[in-house]
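Across the two complexes that follow, chain A remains constant while its partner is chain B and subsequently chain C.
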Partner chain A sequence: MPDFGFGIQDDLMIDHDRLSPAYEAVLEEVPSIAGCMSCGSCSATCVSSFQSGAGFRKLIMLLKNGSYEQLQQALDYCQFCGKCLLVCPRGINTRRAILEMRKQFKKQGDDMV
Partner chain B sequence: MKKICYDCVIVGAGPAGLKAASILDKQGYTVCILEKEKIPGGKLNIWHELFPHHESAQAIREQMLAGTAAPIHSPVTIKSISRTADGYCVKDRNEDEYCAPALLIATGFKPFDACRKEEYGYGIYENVITSVDLEQMFRQHRVVNASGEVPGKIAFIHCVGSRDIKVGSEFCSANCCITGIKQAIELKKMIPHVNICCFYMDLRLGGRFFEDCYKTSQVKYKVQYIRGRLSETNENTDQSVILRYEDTLAGRPAKITVDMVVLLVGMHPDPSILHLLPEIDERVGSDGFFGKGKIDQADQSSDDGLFFAGACTGPKSIIQSTDEASAVACRISLYLKEKLYTETEDQHARLWIRHSG
Partner chain C sequence: MTWFNVILILPFTLGLFVLLGVLSVKYYQWFRALNPRNKLRLWKSLSRKEILSSITEIFRECLLHLRIYHQKRRLWYMHMSLAFGWFLLIVVGHVESVFNTGHILSSPWKSVFFDYFSRGQEATGWHLQGFNHLMDLILLFILSGLFLAFYKRINSRSFGLKRRPLHNPHDRIAMLFLWYIFPMRFIAETLNHAFYGGGGFMTGSFGNLLTLPDNLNYLSDIAWIGYSISLGGFFVVLPWSRYMHILTEVPHILLKNAHIQAYQDKGCTGFNIHACSSCGICLDSCQMTNLDSCNGQSYYFIRKLREPSGVSENRMMNCLMCGRCSADCPVQVDTLSIRMNERIRMNDDLAFDYSYLDQQGKKVPHARIAFFGGCMTQLVPGVTASMKKIFDFYDEDYVMIDETESICCGRPLFLSGQKRAYFEIMKYTRERILSCKPDLIITSCPICLTTFRNHYFFPVPVIHHTQYLESMISQGLLPPGQSDIKTVYHDPCELGRYLGIYSEPRRVLRNIVQLQNKAYKQNQGLCCGGSIADLEMDFEEKRSIAEDAIQQLIYPDTRLLATACPLCKVTFATPNIIPVRDVAELYAESLSVTIPARELAAKEALMQN
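And now, the complex of A and B:
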């Protein structure tokens, strides 16, 4: 069947009225993520961000905004090297937070439990 | 109709005026303060708690008033100011005259009139209030929305009337960021389940302990910060307010519905002292505040007995205002000493002998 001329564009608007249960769950486990001020030190140092397009601050943003699909894709690239942990000026336990995010989306392999 | 002569007349009984009065007064000069409002204290009268340590504004006001024995004339509406051979003569509506060789202007600031940002809905939607209105609610220990209910979700809007060419104020008011954070923490203490989002472009937290407040608000009180300037507000039928903005960190348009919007209004120059004396009008800078704001504070070291201190020389916190007032009080003291006293070399000690006033 031929495609019609009009595709349907997904709504790009972020709805901050929508809650993010995954954010609340990760926050519970790693309270320090509340201190993220989106400085971007983590993204600049991340060895995977050139593949995933997302450093830690962006993971937090996607988690807060409920963009779970994009988040899950980005999470796959994390190598748990912990460089973001070293550079974070707010002392956020980034590595643990990413692990919790992966648990949320049942992405952890056997090697990471 | 009476004429009283002092060493220094201070216009404005806010933190700066009171501080300068207390220093000059303790050094033995005769000082009086003229205040346009009924009660002295300036903006301390409209604030509940002060950043960054949540000190009581009322207590600080009492402390400052107790610090000076100078007479405070209030309410006084200044009708004219004239230059005389000996200095300045300030005349009020009752034709009373207050004359002195030195005149200190400490008229402070005026909160931005949020009605001028029409797209934010202040004065149109009942649940859009300003930070000044919120302080009034804090003073009454009751924060409710227009229908008398405790709000569940509140948005704070930074930079209202600041950094905005459309309202003629391109400067940063410097104190609204920390005021918003302070108020968010106060609200969370009062209503623990309330959800608070702050909409900011930058968070300018230059003062000591301000960053601590910011981090505490994030980690302890779970205040959310969304980067983006509010574009417009709309009201729902239930009087809740929809905000439209861009989440600039995500690079996408966004919206949120809240029960109450708090506009963090900026500090604007108070024009009430203008058009009375050309020497005063001449000192107005490009942003509407007095002086040039240069490092050597040339605008405050006066050779004609006219001095400025506090928020009338630019947006300032209370600490900064009183610090400047202290420095200016020292300059006034030196000026008066030169003008009123003769130094003589005594056998035992140097003496200052008063020759006029």
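And now, the complex of A and C:
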């Protein structure tokens, strides 16, 4: 790999060829999450991100790189209000995706963490 | 009794016994599922007065189907002729056999196959001949309904149904048996009278027209056996088909009149879902019906609940919960509560953590009016700004609870089935709102208002902002600057159907714009499509529903669409067909002066003096 002059933080790295199994599972149920371009509209409007720092954009990032522990904590903060759904420029069904993520954790529990 | 008689009555009798057996088992199971308190309540409700009103309703709705009459006349005739006609056929048939035999109690097959057992006997006296004609008239009545039922399968639009309900295999088999019963009876009676004489104006005349050799009289016997088989077959498949509603509507009405509903006892779901006749009226009132990709309509949802496989998550979550189906249901099945119970059963155990809300611990300063915009109002800042302007104008002592740090009322969590999480968030929101010790709580979001009124139990009144504005107008505090913009008002589902607030927003709008839909019909409001209850529809589908609703609402010369819900405003703005404004925004614009009303009044009084 060529040296670009800066390092990569492993836990923030997203390998698009090897996305986490949880992401694949959620993608199957909610295909629209593939359209997320991390614009941050959702985080800007999120009710809980103001207090907890977690928005939908962050959830998708954590889901993609498999940071399940952080993801689970961020997921628990969601108030499910649906503001992210209304501001999303890509029309992603965010609430369904969050529900699906919560379900994935319920289903797989400790195996994933 | 000859061996042939035994063969004749066997299918019918067996079917009847199977039906009674299965029915007792099922009813016993459903009754056991009821909450013990509600069992007692049901028992107490069986007093003479209430029983009488229940019997009246059973007669009106199970037999005459009067609620369908008020909606779709042709569909009503079809349902009524089959239900009431069959009831009359049984009752009059029994009375006929009583007159003939002189015994009040007799075996059921004696009256069902009365014409077979009395073949060859001359009908003596006017009353016995009258019975023949009466029975023919009733059979004709039923056959006319059956013809309509058959025609409905070909052309459901002529019955006022946009989409024909698609039945599953169980229902088709049961329907086939049902469709055979009455033509078989007609054929059996006609052949009976052809060989043995007698009969009324229809079967008797048709019998006389047929000239068949006597050695073919076994044809009549075969037709009677066919009648018996179709009756028995129908009885056997009935408990597993939609025709279960014929009998289950009776306990459903008794439960309903004892105020035992699905929202407080999910045990009555068994009775409720089997009382649904799958008439398809709800399918017609559902706004998702025009979209092919949507399959969560109450019609299909309830039917799937009856099946052993149950409802898929997709179907369960694909519903706007606008309440149109429930409002139009002729059986009054509480589809919304049943769906809510299923959602809670599925999603209640999901994890959540709202402890961060507690850490804030900020007290809101004391004020007389607490204004709670809710999440959706934050997306339409114009409403908040307008309300501030209005409050300032009336010199109110108010505080905006969630202007900077918003907090959810919890209804989206509740609607998704996460009830535990909902009650957790409710605790924090309630505390936050009450921390300013208000005398009055005003919200601009009907979704929040529904939640506040249903579960929050605030010690002070909670009203919608349109109600506040209306109270200002009725106090004569507004100098109304009425514009001539032709406006149509849209009733948000939560405000209209859920809370019954129809007239207040209209009264406000009548004073500030040219309102085109001053009259309204309760429960007829259209959903904007953006409902937070739906988790399956994508952006395009929601927009399509919004477009459809706007087209139905507006007139060719309408210039503005007014609504009283921030979510409806956002959703209706998406198709970009017509400008959409909130009632508060229109009101704030109509205030021509900026100084508070009290100062204005004082100045006016000074000038008059």
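Details
FYI, the second predicted complex is superposed on the first by the 87 of 113 C-alpha atoms of A that agree within 3 Å, B and C clash if a C-alpha of one lies under 4 Å from a C-alpha of the other, contacts with A are read in each partner's own complex, and residues count from 1 in each chain.
The criterion applied here is as follows: a residue touches a chain if its C-beta (ideal position, glycine included) is under 8 Å from a C-beta of that chain, and two chains touch if they have at least 3 such contacts.
It should be emphasised that the depicted structure is a prediction, and the values quoted were computed from it without experimental measurement.
Counted by residues of chain A touched, the larger count belongs to C, out of chain B and chain C. Contact with neither chain B nor chain C is seen for A:Ala25 once the two complexes are overlaid on the shared chain. By the touch criterion defined above, A:Lys83 lies against chain C but remains apart from chain B after alignment on the C-alpha atoms of chain A. Applying the stated contact rule after C-alpha superposition, one finds that A:Gly35 touches chain B and leaves chain C untouched.
Comparing the two complexes, residues 32 of chain A contact chain B in one case and chain C in the other. Contact residues on chain C toward chain A in their complex (touch as defined above): 317, 347, 349-354, 356-357, 359-360, 375-376, 378-379, 405-408, 410, 412-413, 416, 418, 421, 425, 530, 532, 535-540, 567, 570.
The residues of chain A lying in touch with chain C in their complex are 32, 45, 47-48, 50-52, 72-73, 75-83, 86-87, 91, 93, 95-96, 99, 102-103, 105-106. Chain B contributes residues 197, 203, 214-215, 218-219, 222, 224-227, 247, 249-250, 252-257 to its touches with chain A in the complex.
Interface residues of chain A, counted against chain B in their complex, comprise 12-17, 27, 31-32, 34-38, 57, 61, 64-65, 67, 90.
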